[in-house]
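First subunit A sits with subunit B, and in the next complex the same chain sits with subunit C.
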Partner chain A sequence: MQVLITIVSLGVFCLLAEIFNLRKLLVPVTVIGLLAILGISLNLWAIDPSMDEKYASMIAVDSFSNAFSSLFIILTIFLVALSGDFYKENQTKISDFIAIKVFLLSGAVAMVSFANLSMFFLGIEVLSIALYVLAASRRLDVKSNEAGMKYFLMGSFASGIILFGICLIYGATGYFDLAAIKDLSSGAGLPIWFPIGITLMIIGMLFKIAAAPFHFWAPDVYEGSPAMTTATMSTLAKVVAMAALYKILSSMTSSLTPTFEMVIVVVSILSMTIGNIMALRQDNVKRMLAFSGISHAGFMLMAILSLSTAASTLLYYTAAYALAGIASFAVIIYITRNKDNEATANFNGLGKTNPLLAAVLTASLLSMAGIPIFSGFFAKFMLFTDTIKSGYLFLVIIGVINSIISVGYYFKLILAMYTKEAAEEKQAVPFVYYFVAVVSILLNILIGIHPSLVTNLLN
Partner chain B sequence: MDVTTLLLLLLVGAIATFFAGDKLASKVALVFSLGALGLSLYLLNLLNQGTNIGFTGSWIANPKVALAFKADGLSMAMVLLTTALTPLIIFSSFGNSFTNAKNFYALVLFMSFAMTGTFLAADGLLYYIFWELALIPIYFIALIWGNGDAEERKKAVVKFFIYTLGGSLFMLIAFAYLYSKAGSFLLEDLYKLDLKANEECWIFLAFFLAYAIKIPIIPFHTWQAKVYQKAPTVGTMLLSGIMLKMGLYSVIRWQLPIAPSAAKTYMPVLIGLSIAGVIYGSIVALRQKDLKKLLAYSSLAHVGLIAAGCYTLTLDGLSGAVSQMIAHGFVIVGLFFAAEVIFRRYETRTIADLGGIRSQTPKFTSMFMILVLASVALPGTFNFVGEFTVLYSLSQVNIWFAVLGGTTIILGAYYMLKMFQDVMLGETNSKVFADVTTNEAITFVVIIAFLLFFGLYPKPIVDLVTPSLNEILEVINK
Partner chain C sequence: MNNILNEIGIENYIFLSVLLFCIGVFGVLYRRNAIIVFMSIEIMLNAVNLLFVAFSTYHQDAEGQVFVFFSMAVAAAEVAVGLAILVSVYRNLGSIDIDNLKNLKG
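On to the complex of A and B.
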């Protein structure tokens, strides 16, 4: 709870900074504030790892929520650090954008530490509304407006479905409280709308994580939104939604029914395959990463098949994916910041004009493709071992085939960087891009060399 | 002192080379690779004295992965092949200049590090990681520093990458499955596993896919010739000299002992496929117009025979295969270097444009001739020891295998000598062919000396690998 309160206060401070004309200091101060919050979050662990703190049974802090909150805070630090340069031409609105990002984080933290469904819904709305605003934040750009509108319509539709599901669950059990619902769900005799309610909630969440067949909004919204927002959506928002989905399922039901597992298997296969095959055909980098994100959602869904044991695997996968995502977006934002599109051609010859950024982007793409020693490899590997243990060998084989396909489009970008001639001269790069790109890829490699750093957090 | 020091030395070497700057990179790389050679000879000495130079440490708790390196005679033989060829390959490139030399040589050393790790790893996942790591440097070496049309090169290299990665991912599934059975990736635990016949069969096939692509065995060879042709000579040497030995070594170390009954069931098919590669490679080599491509197909024929030796599951077959791996590693590096020497002077690899070099450079001609003869397994060279042992083991399984496999020597002699005739002999070429420089001569002499010495006295190598091969055979026949 301290974490949530401090995040919200930091958000309020960001808004106030506008009044007191502290724009210049805003980014560094926010980053320092977030680092302090990360410290608080880690400190909670040190005090008592099994602590179960409750506020009117709204929030339950456990190692799961703590681990994921810390990951979200780290991602937000990177995103805020990049914002300073990205919104340079929008100095007057910078405090709004940063405050929105901080509030978004508060929604994210609420989504993994809820003990009550109403708190969960609050969290998801705070997160989503922040994202709608960010998607439409380039107000004079038609594409950005379209993206914001599309995302808002689709997202509010999904929120509506989730809310409907929560209502049905309340109708069936009489509780919003997770612990009480779990007690009731293990006994027999719940009316049929309890499973229907859960199904509706899951459909809503599949919308949010952009898993097929609920993925149609993602490519357009990713492409239209400003690159900074796309980075937020594809890293932070995706892993938040995935963690929340896992938490809903694992805290409301003790085990999934076979039929339900089959549905997850089908959704996972569809997402992986559609995402990958469509990504092969894209020339716009943001669109390509949108489809690659869809296929990664398919991979992450495998974790749900081993619901009781896969929390640490999911944490590892999301961390690996998001860190690689941040590193690649740091490069992409820099390359495309003065361009009107994000075509692969913009990356031509980057290997010669800026070897360091090219190396970082290459490393992050290799991580997403699942090549060792990057953490993306271990993430996929752990997921595969868990899934084989739960008896879904064929799903793993499909996953592997998809990994091979994904090499095709990740390498398209790598080839462009190293084999084509650059169209323009090398430009000076603000230090912050190097910093974020290098630090996040180093973190990615660090947890690749030493996976126990992350997996031990939840064991 | 154990093998981790060797791995660290190579890794540090790669980093140091990167920071040495473009001018010094090649020299720093050479120093480190020579250091690695010295260290591996010292380790070999320790091993012969009976010291345990393996290493086991914990790495990841869940899933349980250990940092385990096993150094027995077989591993050390392969490690020595790697650490002996790396300085040779680096030294042979001194006549070329590369843009971004620091990246280039750092990648070469890094690849050497990954390959050494593959030969030493005794934990399935660790082995897999090294196996994949070796792929990344060669991808960039071939892509960035390769020759020929960029678009075509890109296609060839990406095809190579996707092929090998695809094959190995199936091996990864096999490992994940084995882990769910054994609860550990350690080699010894996997050896102990008692699998059902159909499980073994699937696991064998998954491994086979990875290795058949890497070696390559027909019909998984289609990536090979183009990549050999397009890669820079250093890359081709690394690929053909060491990297494809990774596949052959893995067959002996991982595939056969983990799934022995499947290996026995499929033995005729596997030997048949390998020998088909021998014949196919030889016939296609006959018709090649490009020197590097001809050598690529000759390499396909030779490794086919080595693979056939491995799949006989006899001591002779295995030890012949290991000898031939080492011999082939040296001879193919020498031959590709000869092609490079010609290219440096005439800027072409098309056989039709060559000819009439002999009279201009007797030194080079004689060295090239010895390499050609070694490659066709003339008695007195180490290649003869290897090929003869393999053919003998094949004849024990079925005399017809030996007869068909023996065509490699006949056809090999035909296409290699024909190539030699077209490239070196004939009327004196109007273009001047400068004689070999001292640096180039040193590379040739080292390779030739090695091949002749062990051709006459193969005992040290055979003695080194036989105990570990016997151990593996025990597991296979348990």
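On to the complex of A and C.
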């Protein structure tokens, strides 16, 4: 609760900073503020490790929500740190961009700490509306307009479906409160509206996490949006939506029916396969990462199959994926900042002109592909172990095959960096890109070497 | 109020809302004018609001009506952003036909 309040007040402060002409100080001050909020959130564990508090039955702070909130805050710190240089040309609007990012974080935190469906709906809308604005934020660029428009149409369509789901659940149970709904859902005699409502909510959430067959908007939107927004969508927004989907399912139903598990298996296989196969033939890096994100969504959906035990695995997987994503996007934002496209050719010879950035990008791609010592490998390992335990061996086999396919397109980019000749000279890189890229990849390797750092949080 | 609900039956309210919702869905999927697509999204949201109010009376519980206020506020904010995007699309392309948005392909 304190976390949510402080995030919102930080957002208001960002808007006020514009009035007092604090634009130069804004990014450092916001980063410090977010670090302080991270401190508050981590401190909650020190005070009471088994926290389980409810505030007016709207917000529930437990270790699940606190762990995911901390992850979101860390990701936002990186994204805000990068924005200072990224919006250099739009100096007059910087406080708007930063404030939108901070409010987006408040929506994200609300989406994992809700105890009432109205809080969940408000959280998802705060997050989505902030992202619509960010996607269309380069208003003179037709591509950004198109991305914003497509994202808006798909996003509000999905919100409508989620709202209908919430409405049917309310109709069936008479409550918005999650605990009350869970009590009722285990008993018999609920009207047919209840399963329909849950199904509609899940369809809407699958739209938001861009899992096949609801993924068609993602590549276009990721490609057209400004690189900074793509970074936000593919790391923060995807992780938030996944965590929220997990929380909805685990806190509203006591167990999944076999039919429903079959649907999740099919969606997971489709997402992994479509994402990987389409990514193989992309030349645009952002588009490639969009398809890679679709396939990762498929992997994350496996966590839902072992619903009662997989929370820490999901946290670990999302942390590994998002940190690798931030590291790779720090490099991509730097490389493509003055280009009008994101073709792989822009990365030619990066290994010679800028070995450090090339090494970070290589490491983050290897982590996404699931190569050991990077946490992506251990994340997949834990996920596959959980899935085998719940009896879906064939799903794991398909997952392994897909991991091997994914190495193909990640290596295409790595080969371009190390074997092709550079087209341009080495340029001075602002320090913040190095800082964000190196720190996030080091965090990634750190949780790879000590997985217990993350997994212990939820046990 | 309750008597009317008993006489008509909650099922009929659900059928009406589902019908309106489907009109909205098909509007989003088949119409190409962005304004009409926006209106279809509004129809979807308002169909849900109608059902919320009906369920609220059915359960004799005010929470559902409060939720309608939330969802109306959210819908207003959403449409404000959507119209802003629409204006910048119109300035760049000179049209609001969403079939013209075809630059991104791969």
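Quick notes on this one:
Just so it is clear, the second predicted complex is superposed on the first by the 459 of 459 C-alpha atoms of A that agree within 3 Å, B and C clash if a C-alpha of one lies under 4 Å from a C-alpha of the other, contacts with A are read in each partner's own complex, and residues count from 1 in each chain.
Simple rule for what comes next: a contact is a pair of C-beta atoms (placed from the backbone, for glycine too) under 8 Å apart; a residue touches a chain by one contact, two chains touch by 3 or more.
Nothing here was measured: the structure is a model prediction, and the numbers come from that model.
By the touch criterion stated above, A:G160 is placed in contact with subunit C alone, subunit B being left untouched. By the touch criterion stated above, A:V142 is placed in contact with subunit C alone, subunit B being left untouched. In the superposition on chain A, A:N43 makes contact with neither subunit B nor subunit C. Touch criterion not met for A:Q427: it reaches neither subunit B nor subunit C. Judged by the touch definition given at the top, the superposed model places A:I371 against subunit B, while subunit C stays out of reach. Touch criterion met: A:T419 reaches subunit B, while subunit C stays clear of it.
The wider contact with subunit A, measured as residues touched, comes from C rather than the other of subunit B and subunit C. Once chain A of one complex is fitted onto chain A of the other, the partner contacts of A:G408 are limited to subunit B, with no touch recorded for subunit C. Once chain A of one complex is fitted onto chain A of the other, the partner contacts of A:Q282 are limited to subunit C, with no touch recorded for subunit B. Overlap of the subunit B and subunit C contact sets on subunit A: empty, with no shared residue. Those residues of subunit B that touch subunit A in the shared complex are 59-63, 103, 125, 128-129, 132-133, 135-136, 140, 143-144, 150, 154, 158, 161-162, 165-166, 169-170, 172-173, 176-177, 179-180. The touching residues of subunit A, counted against subunit B in their complex, run 312, 351, 355, 366, 371-373, 377-378, 381-382, 384-385, 388-389, 393, 396-397, 400, 403-404, 407-408, 411, 415, 418-419, 451-452, 455-456, 459. Chain contact summary for the complex, subunit C toward subunit A: residues 10, 14, 17, 21, 24-25, 28, 34, 37, 41, 44-45, 47-48, 51-52, 55, 58-59, 61, 63-64, 66-67, 70-71, 74, 77-78, 81-82, 84-86, 88-89, 92-93, 98, 101, 103-106. Against subunit C, in their complex, subunit A makes its touches with residues 118, 121-122, 125, 128-129, 132-133, 136, 139-140, 142-143, 145-150, 152-153, 156-157, 159-160, 163-164, 166-168, 170-171, 174-176, 193, 219-220, 223-224, 282-284, 287.
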